[in-house]
Structures are given as structure tokens and as C-alpha cells.
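Please go over the structures that come below.
Look for chain A in each of the two complexes below; its partner is chain B in the first and chain C in the second.
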Partner chain A sequence: MANNNVTSAPKKKSHGAEIWHRFKKNKLAVIGLIVITIMVLAAILAPLIAPYGFDEQNYSETFIRFSPKHPLGTDNLGRDILSRLLIGSRVSLTIGFIAVGIGLVFGGLVGAIAGYYGGTVDDILMRIIDIIMAIPQIIFAISICSALGPGLVNTMIAVGIAGAPNYARILRSSILSVKQQEFVEAATAIGASDFRIITKHIIPNSLSGLIVQASMGVGRAIISAASMSFVGLGIQPPNPEWGAMLSFGRTYFRDYGYMILYPGLFIFIAVLSMNLIGDGLRDALDPRLKR
Partner chain B sequence: MLKYIGKRILMMIPVMLGVVLIIFFMLSLSPGDPAVQILGPEATPEQYAELTEQLGLNDPFLVRYFNYVVGICKGDLGTSYSTKQPVINEIIARFPTTILLSALSCVVGAVIGIIFGIISAVKQYSFIDNLTRVFALIGMSVPSFWLGLMFIILFSVKLHWLPSSGFYGPKYWILPSVTIGLVQASNVARQTRSAMLDVVRQDYIRTARAKGQTEMKIIFEHELPNALIPIVTVLGMQFGRGLGGSIISEQVFAIPGIGMLMTNAIGNLDYPVVQGGVLIIALTFSIVNLVIDILYAFIDPRIKSLYAGKKKKVEKAADVKNTEAKAEEEGKNDGK
Partner chain C sequence: MEKLLEVKDLTIHYDTDAGSVEAVNNVSFELNKGETLGLVGETGAGKSTVALGIMQLVPNPPGVIKSGQIIFEGKDLVTTSEKEMRKIRGDKISMIFQDPMTALNPVKTVEDQIVEVISLHQNLSKKDALVKACEMLELVGIKAERITDYPHQFSGGMKQRVVIAIALACNPALLIADEPTTALDVTIQAQVIEMMAKLKNELGTSMILITHDLGVVAEMCDKVAVVYAGEIVEYGTLEDIFEDPNHHPYTVGLFGAIPDLDKETDRLSPIDGLMPDPMNLPQGCNFSPRCPHATEKCKTVNPCACEVGPGHTIKCHLFAKEAE
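Our next item is the complex of A and B:
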């Protein structure tokens, strides 16, 4: 990372352009980016492009597997599955991104404080994180959610907070290692201020691990939220969140497997895209890790 | 070594106290009222008040916490609100099921993951390597409960090969453990591949090859042992994940384990059972982590020498510690 700044200078190429250039070379990552962009756009435009309302019931057209009017079929109440998936993507994707945002803010703050100050502060914060990490993440998220009650916002908070310790540890350890690098020493030696060292050297060089983890974290958050809806916490019916649709379709899945096939596929595609982007970012941000 | 293990076991006590504190705190924020849940809507206010007092729900938070911790020391995790049975009995009855499921899944994950990870690294960029990488990506992205449902449709409903629910014997174990195991295998394969790739370019491998060692011996005597630390790390984490994921997977396959117990308890606001469940899972997870740490010493003699009691050179110690920490960190980043 440090080298990039140096080598990129004579080429008059910004750091961002350099990263984008490397990211572009990873075909799978670009596909992931395109797919997730389409999904986000579809989610934004969902009310306009969805052929039916998400709670529009039609009792004369229940359990249709496929028809030109309902390409992905209808459920037990005759609701169009494609429309529900499109509207549901708004909820699922929002949870994914916002939950990671919450996790990053909390985790990043704790990790940064622990990393910068070190000593007793670091010890105390890390012990707390050890305690939280002794509880498997999904159980922790479910405990938070059962404390706060179900619902969209509470699910985001629960999934976000449960992921925070991860980010705290990653940021802390990269700050600790960056702090000891020669270029920080060099910056100190030429008389750079603490502020400049922190903003220009430590933060940019510590972030790459965090960015990669965050992009993959979105996928994990989508799965966590779906799991929680699946066991009845999280998003409540009739809201068409993907996990909630899976949970709902479970009653009928032995005979009408398509009711759970599509929501699961949507989750899978979204998560896969985020993982591909994460892989691409890892290679782009830190070429030394490239294998 | 024994001293180190003893120290680590002692260190688990404050962590568990912390776990209990966090869970206790969160459940005390919970909006539901257990007394209402137990008595139903038709009870008189006096009955509610009496039961609330009886359950100790009027006591201050710290008093309840203290009483609970004292109870734990006596092996008492409280009484279930809904079944009126001691929580510890309910947990003991279901614990073996959950552990068996987690262990079986982990074995499936380890065997498939390590085999494919090794082939993938040894034959980098080959067909199998590409296949493994695609498989790993898919495994990391697929929600395991959905995969479970799909397998049920395929293997139970359509093909009638395997039972879809329950946990009564080996036949019932296959579907759940393979489902969870496959997802875990993707992480293990990824980690194994990257750890092996680190090793295969080392000088001592070239030396071994130069002196005419067979490829099999090179892989299993030189490469794998040196790549084992991150692999074992990721295995430990996968076990923990399987344990936590039991709360979901036991729902899918209707397995009467701790996860099922906890999901029902959450629905019934049966706090003592939720607390007991989280505590037992956290405790098991911590013990697994401890075992992993001890395994490090057997895998890497340099780490063992650190704990042997002899004062080695500080420099070397620091060096090994660093590589260990780095391996662990990498394992965590990749494995999650």
C-alpha cells in the first residue's frame, strides 16, 4: 500500500484510479459489482417495476408454479412472488448495508481507540471484545433482537452490533501494525504533525482490511438477517423480506418448492456478488496479498 | 504446558462471567413480561404481582445477577418458566444432540475442505483448483438453512433416500451434518488452499524435492504440517459457527437440541433457558478455542517451547508469537 503512493506519483495516476484499474482486471469482481448494482437499482425502482403489489392477494390464482402473468409463480394467497421478491430486496439489501454501517461505526470506533491509545484502554476494550466473541455471532444477534423486539430497525441494530467486534479487531490490528511501519517513523522524522500522520498515513493504510471485510460483511449481514426472520425474529410478515419469505414458504415447501427456491436464490446471488466484490477489493487494495 | 492450560482455564472464568452479564443485561431490556406469559391474560393483577415477586423479577439487576452467578457455582441455572424443570436438566438432555451435530458437521467440513484445499494448492490453476474455488465461493454465499431445505426437497421429498427431520440415528444425521459440513468445507478449503500455497514455495520444499522425496511424502510430511496452524484455526471457528448456527439448523431439520430449546424459549420469554443456552454454547465454544490453542503447541514445536517453562530467547518468542497471531488473524478474516 505504501509503495503504491510512491509508484503512482510519477505516473500521475491517483490512488483511487490505481485501485480501480486493478479491480477492473478481476472479471468476477466486476460481474459481482454489475449484479449488485442491478439489484440495488431494481430495489430502488421496485414499486415502479414490480408487476403487482407485494400484498396484492388473488384467491383465484394461488400456488401457480409458472405462468406468463406470474413468471416466478404465486404463493398460497395468490401473491405474485416476483413482485414480493423485488419489494423484499429493498428490505434485505437495506439491512445488509445499514447493518454493516452500524457495525463499522461502533467496531471502527472501538478498534481505533484501542489501537491508537494502547495500554490499559486497549486491554479493557479487547477483554470486552473477547467476551462478546465467546458468544457465536448469530446467537449474539438473536439475543439482541429478542431484547429489542422484532422489526426492521431492531434487526439492523442486532446484526450490526453483533458484527462490530470483528471490525474492531481488524482495525485495531492493522493500526497496530501500521503504527510500527518505517514510513510512519519517516513521517515523524521529517516533522509531520500527529494529525497529518494519523489522517495521511495511518488511516489510509489501515482501512484496506476493513473495506474488504465490510464488503463481505454485507453478504453475511444479509444471511444473518434472513436467518433471524427464518426463526421468527427479525422482519415480520406480511413484509416481504427474503428470509421472511423463506420462513413463510416453509409451511408449503414439500409440495411447492419454488416458494422457497426463489427467495433463497436471491439471497445467494446478492451474497455471492458481495463476496466477489470483496475478493476483488482485496486484490485491488493490497496487491501483495494477490495469489 | 500444564501451567499454561491451567492459566487459560482460569481466564475463562471472567469471560464467562462477562457473557452472563451481557446476556443478563440484554434480557433485562426485553420488552415482554414473563409473568404475563406464564399466567396468560386471564390472571388477576395480584397473581401477576405474586409471581413476579416469586421469580425474583423485582430485585435490582445486580442482585439478580449475583444470585444467578452463585447458582451457577452450585450447578443451578435456574428453573424454566414454561416447563418448571431445572434449566440444567433441560440442557443436559439436549446437549449431546447439539454437540454430535456440530462435531459431525465439522468432520465433514474438515475432510472435504482439507482434501480439496490440498489438491487445489498442489495443482494450482488446474481444473480441480478452479472447481474448488468456485465451490468455496458458492459455499460461502449460500444460506445454510436454505441449502438444508433444498436438500430436504431433493433427498427426502423427491428421492426418498433420507429422513428429513428428527435425530434418532445415523440415517437421520446425514442430511443435517452434510448440509452444514458443506458450507464449512468451503471455508476450510479456502483457508487450506491459501495456507498450503504459502508453504509450497518454501525452500525446504524445494530441498525435499531435490533429494528425491516422493510427492506424497512432500505433501503430507513437509507441506501439510507446516500449513496446519491456520487450518486448525479455521476449523475451530467453523465448529463455533456450527454451534451457533444450531439455533437455525435445528429448526430446519427439527432436531431437538440446544438450538431448538433456545428458539422455543425466546418465543416463550423463558429467560432462564435462554441464558442457560447461551452460557453453555459460549462455554463450549471457549473450550474448543482452548483445545485449538493447545493443539498449536503440538503442531508447532516452536510454540511448545514457549510454554515449556524454559526461558527461550525473547526475540524468538516474539517472532513466533507474531506469526501465530498473524496466522490466527488471517484465519479469522478469511474464515468468517
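Our next item is the complex of A and C:
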């Protein structure tokens, strides 16, 4: 070999460190990350920091708009809204993240296989996806949930599976274009297996659309879970959940708008932060957009 | 000299709905250890399909190897299982692709990509593989410290060097270079060619060089096969092709199309006509519709390869007459 004095490899930043370095440069994404971190921490610590219990009723203090004791007011049963929002964030955030996770795994797997192998496999899988997509997402989720029965886990599964076709389609379409590229052929030519080519070469090149979709999906999953609660299949009262609080506050919103304002605001902030993170993550994961 | 690769009567067709595309027909050639074979021909002549055939990477469907053998180190690759082939690709036979801009994965560092081929085929620890990768990079003339860079941070010529480093990382017995310099500008072409020739000699690698640039062939090859419409129309040593007076009319046309520095001409002299549609090859000699010497016989009878000198064969009726 030509040069034998190369004995030690040059120092290298780990992959994660490099992505973090690029992510940090996107100020909005960092803000989103901070907000989500605070929300997650608040959710974890909710039982400790919530001033009241989520089902603590006080009929002498109903419909309070603002008071030092209840900064975000109370609802029709005199329950402290701040406490309910904090406790509710545990359910809402869990549903948001896990439902998207379930959707990503199922949808991503189907999309990746369909896109990579093409032909008959693609036809069969995508027709199944088409059938699922023909059913409105919420009806599909409701039917899964009514088959499995109400509850937190079943809601997550229902919302996750109902969202999976979206991810499948997005990943499939970007894989279709990526797999045409020469580096995939080059990877075959160095003797890499199909599994390795899909996971190491194709998927990292197809992620950007999926990441944006997933970050928006978190918001959508929270809303879907709320609709499930609304028809009585999701989280059962008196357990609080942002979406459920939103829909139950609906009855009173002409006189007491704050009852839907705060849950809505929380959903809005969580979704916005997730979108900002998703955007930043997409850019950070793509080395071509460096600097 | 030891024989490394022998391709016998290789026929590859692409069976599409519209009909069968006869991309490669009865191609035979041999390659000894350390030798370089040039496959020359115009676009669509089937050169790349031959290369993909050797790698067993003909896209299937629609590509099918209809018949023939590809004997590499005593083993017929056509009948080798996909699992076995995976071990051969990148280790024993590796390939340099035409366009370095797209042959590297844009989201992985050069390090990841060189280490990948090493770790797929050699039982090295992570650290040793990295050291080896650095060595390879230095070998192709890129500083080892740039190994953590991404492909887009390199120029086109350097990317092609990286591709070459990946191809040579496992010290393959056979290197297939599919138009390695087509996507590069002329100054870089010269550098890359020079480097490939040097490394080939240093490492004792055999090479199949696919190109349509006769200058590159003259520079690098020991043997030349001129490919036209999926057939080898002329095959011989570099001297046979460049010095011998006997040539296939197509080879004559190819050389005639190169502008001459000493002659002043307003126009280049191309070969008239286009290559026949590989879905609908003419009866008789494939070149007959464009051949200035075509006779009635050429239009009906497909000529066989005639030996005009030791190891120099021409697939043309003109020379069959001489032999008679």
C-alpha cells in the first residue's frame, strides 16, 4: 500500500453530535425543542406541581374566569383548569407521540417494502393502503377502537393505525425516486444485502418528507384522540385530556370562552413546537444543507 | 498468463411488453490476470449490459441472461446463487460507475461508505477498517483528514477518486470501470486515467474498461473489443486494433470519426445512419444497413468471427472471403 504512515484515524465528531450542531443553528427549532421539553417535564411532574386534583370539584367556585387561586379559572364543576391541563398533558402527549410512533413503524415498513420491491408486492400493499384510505380516518379509528374497546392503549393503536397509510404513501414515493439513483446500484455492487440497502442507504435519503409529516402528525393524533373521547371511545371522564376538555367546554364557550381557549392554546403550542422541531430536524439530518 | 475471466456466448435480452430487446448477443472474450480489456462502442451498444451481466446485476425483470457462461476464477457466475454473488461483489469483482455525482450516497460521510465495503467483506475491527479506509483515500490522492466529509463537499474528480477508493478497498481481482471518465472534464479525466493505470499496475488488478473514448483505450488497454449492436465485431490486442491494416468497417468508421490534428476539416465525418433498433435487429450482419461495403450476402447471412491474425478476430464477410 502506498502510504503506511497513516496509523491513526483523524478525529471525528460522532454522527449525533454533528446533527445536534446543525440543529442548534436553527433558533426556531431550538425554541420548539425547549417548549416541548418543558411540556414533557410538566407532564411527568404533573401530580406534584398541579395545585389541585384533576377531579377535585368545588361547586362554590364554578365558572371562575381568573383568581389567584385558579390562574386559568375553573370549569362548570369547579375543577381547576390548570391542574386538569397539566394532568391531561400526560395523556395527550403520550397519545400524540406513541400513536405517531405506531403509525410510523407500520406505515414506514409497508411503504419501504412496497417502494423497494415494486411490482406485484407494491401493487398488493398499496391497494390495501388505498382501501384503508378510502375509509375516513376518524371512522376507521372509531371502528378499531370500538372493536378493541375504549381506553388509552386502544386509542393509541386506533389513531396510530389510522394514520399509517399516510406515512406508507410518503415513504413509498420518496423511496421510488431514491432507489433509481446510482448509489443504490453502487451499494449492490459492493455486495450489500437488500435489508442493508433499505435501512442504510435508501431510508436515510427518504426521511425528510416523513419527518415533517410525523411532526405534524403529533398534532393530528392529539385531535383525533380528542374526537375519540368526544364519541365516548377514547379517554373516559373524569380523566382529563386536552381534546376532551376542548370538546366538553364547547357547551359553554359563548359565555365562558376561556374554557376552550386554554386547552386549544396548549394543543396549538404543542403542535407548533413539534412542527418547528420537525423542520429543524429535517434540515439537520440533510448534510447537503449544511451552512 | 493465468486466465481470470472467460465470457462464453453471453446473450442478454430485456423482455419487455413491446418485445424483446436484444442487448447482448453471443459475446465471448477472455481476460488474463493483470490485463485490461477495453469495451468500445457507441451509446446503446450493450457495453454496460455486459458489465452488469458479469456483476449479475442485470435488472430482472426485464433483463434475462438467455444463455452463455461467465467463468470467473473457475466458477460460472450465471449459476451462482445471489448469496454467493453478494460475497463476490465488492470483494473479488468491483465496479466504478459512470457518474460520481450520483454513485455516492449524499447523506453519508465518505468514511461510512469506504468502511462499509471493507466491513462487509473483511473481518476487521472498526478501528482497523477505519485505518484501511484512510489508507485507501491517501492512495487515490485525497488527504485522510477529509474522510469525515460528505460527498457534496468534494469536487467531481475527487468524488470519482472516492468511488475508485471504494472499488479498490478490498483489493479485487477484477475491476469493471463503466465509463469512469465520461462525467469528468478533460483535465480531470487525464488525472483519473493516469491514477487508475498506476493503481491497477501496483495492485495487479485486471480491468474491464468500458468507454467510447478511443484515446482512453490507447492509453490503458491491452486488449480491445469493439462492440456494435450487442455483438463484438472486432476483438484483438491494442496493436491489432490501432496498428493492423485489417479492420471491421465499423472500427474504420469509429477511427474516421475522430478529428485529426494535422488535417483541416470543416466537419467531422461520422458513420452515416443510426444503430439498429435492438428490438428489431436486421437480418444478416447488424452493421449492413450502414456499411459502405455491404453486399447482398451481408443483408441475409450473419457473418461469423474470422481470425485475421493470431487472436485478432473480425466479424465480417469481407474477411471471410480473404480466408477462403
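Please note the rule applied: the second predicted complex is superposed on the first by the 235 of 291 C-alpha atoms of A that agree within 3 Å, B and C clash if a C-alpha of one lies under 4 Å from a C-alpha of the other, contacts with A are read in each partner's own complex, and residues count from 1 in each chain.
Following the convention adopted for this analysis, contacts are C-beta pairs under 8 Å (C-beta built on N, C-alpha and C of every residue); 3 or more make two chains touch, one makes a residue touch a chain.
Please read these numbers as outputs of a predicted model, since none were measured by experiment.
A.B. asks: Is A:I19 touching anything from chain B or chain C once the two structures are fitted on A? First, second, both or neither.
C.D. replies: Neither: A:I19 stays clear of chain B and chain C.
A.B. asks: Once chain A of both complexes is superposed, is A:A147 in touch with chain B (first), chain C (second), both, or neither?
C.D. replies: Once the two structures are laid over each other on A, A:A147 reaches chain B alone.
A.B. asks: Please work out whether A:L285 is in contact with chain B alone, chain C alone, both, or neither, and reply first, second, both or neither.
C.D. replies: Second partner only.
A.B. asks: I want to verify the contact counts: of chain B and chain C, which reaches more residues of chain A?
C.D. replies: The partner with more contacted residues on chain A is B.
A.B. asks: So which positions on chain A get touched by both chain B and chain C?
C.D. replies: The overlap between the chain B and chain C interfaces on chain A is empty, containing no residue.
A.B. asks: Can you name the residues of chain A that touch chain C in the complex?
C.D. replies: Listed in rising order, the residues of chain A that touch chain C are 1-4, 6-10, 12-13, 119, 181-183, 185-193, 200-201, 204-205, 285-288, 290.
A.B. asks: Quick check: in the complex, which residue numbers of chain C touch chain A?
C.D. replies: Touch list, chain C to chain A: 55, 57, 61, 85-91, 94-95, 97-99, 102-109, 111, 116-117, 120-121, 127, 130-131, 133-135, 138-139, 144-145, 147-148, 150, 152, 163, 166, 202.
A.B. asks: Show which residues of chain B lie in contact with chain A when the two form their complex.
C.D. replies: Per the touch definition, chain B meets chain A at residues 14-16, 18-19, 22-23, 26-27, 29-31, 137-138, 140-143, 145-147, 149-150, 152-153, 157, 194, 197, 240-241, 243-245, 247-248, 251, 262-263, 266-267, 274, 278, 281-282, 285-286, 329, 332-333, 336.
A.B. asks: Given the complex with chain B, which residues does chain A contribute to the contact?
C.D. replies: These residues of chain A touch chain B: 127-128, 130-132, 134-139, 142-144, 146-149, 166, 169-170, 173, 209, 212-213, 216, 219-220, 223, 226-227, 230-233, 243, 246, 250, 253-254, 257, 260-261, 263-264, 267-268, 271-272, 275-276, 279, 291.
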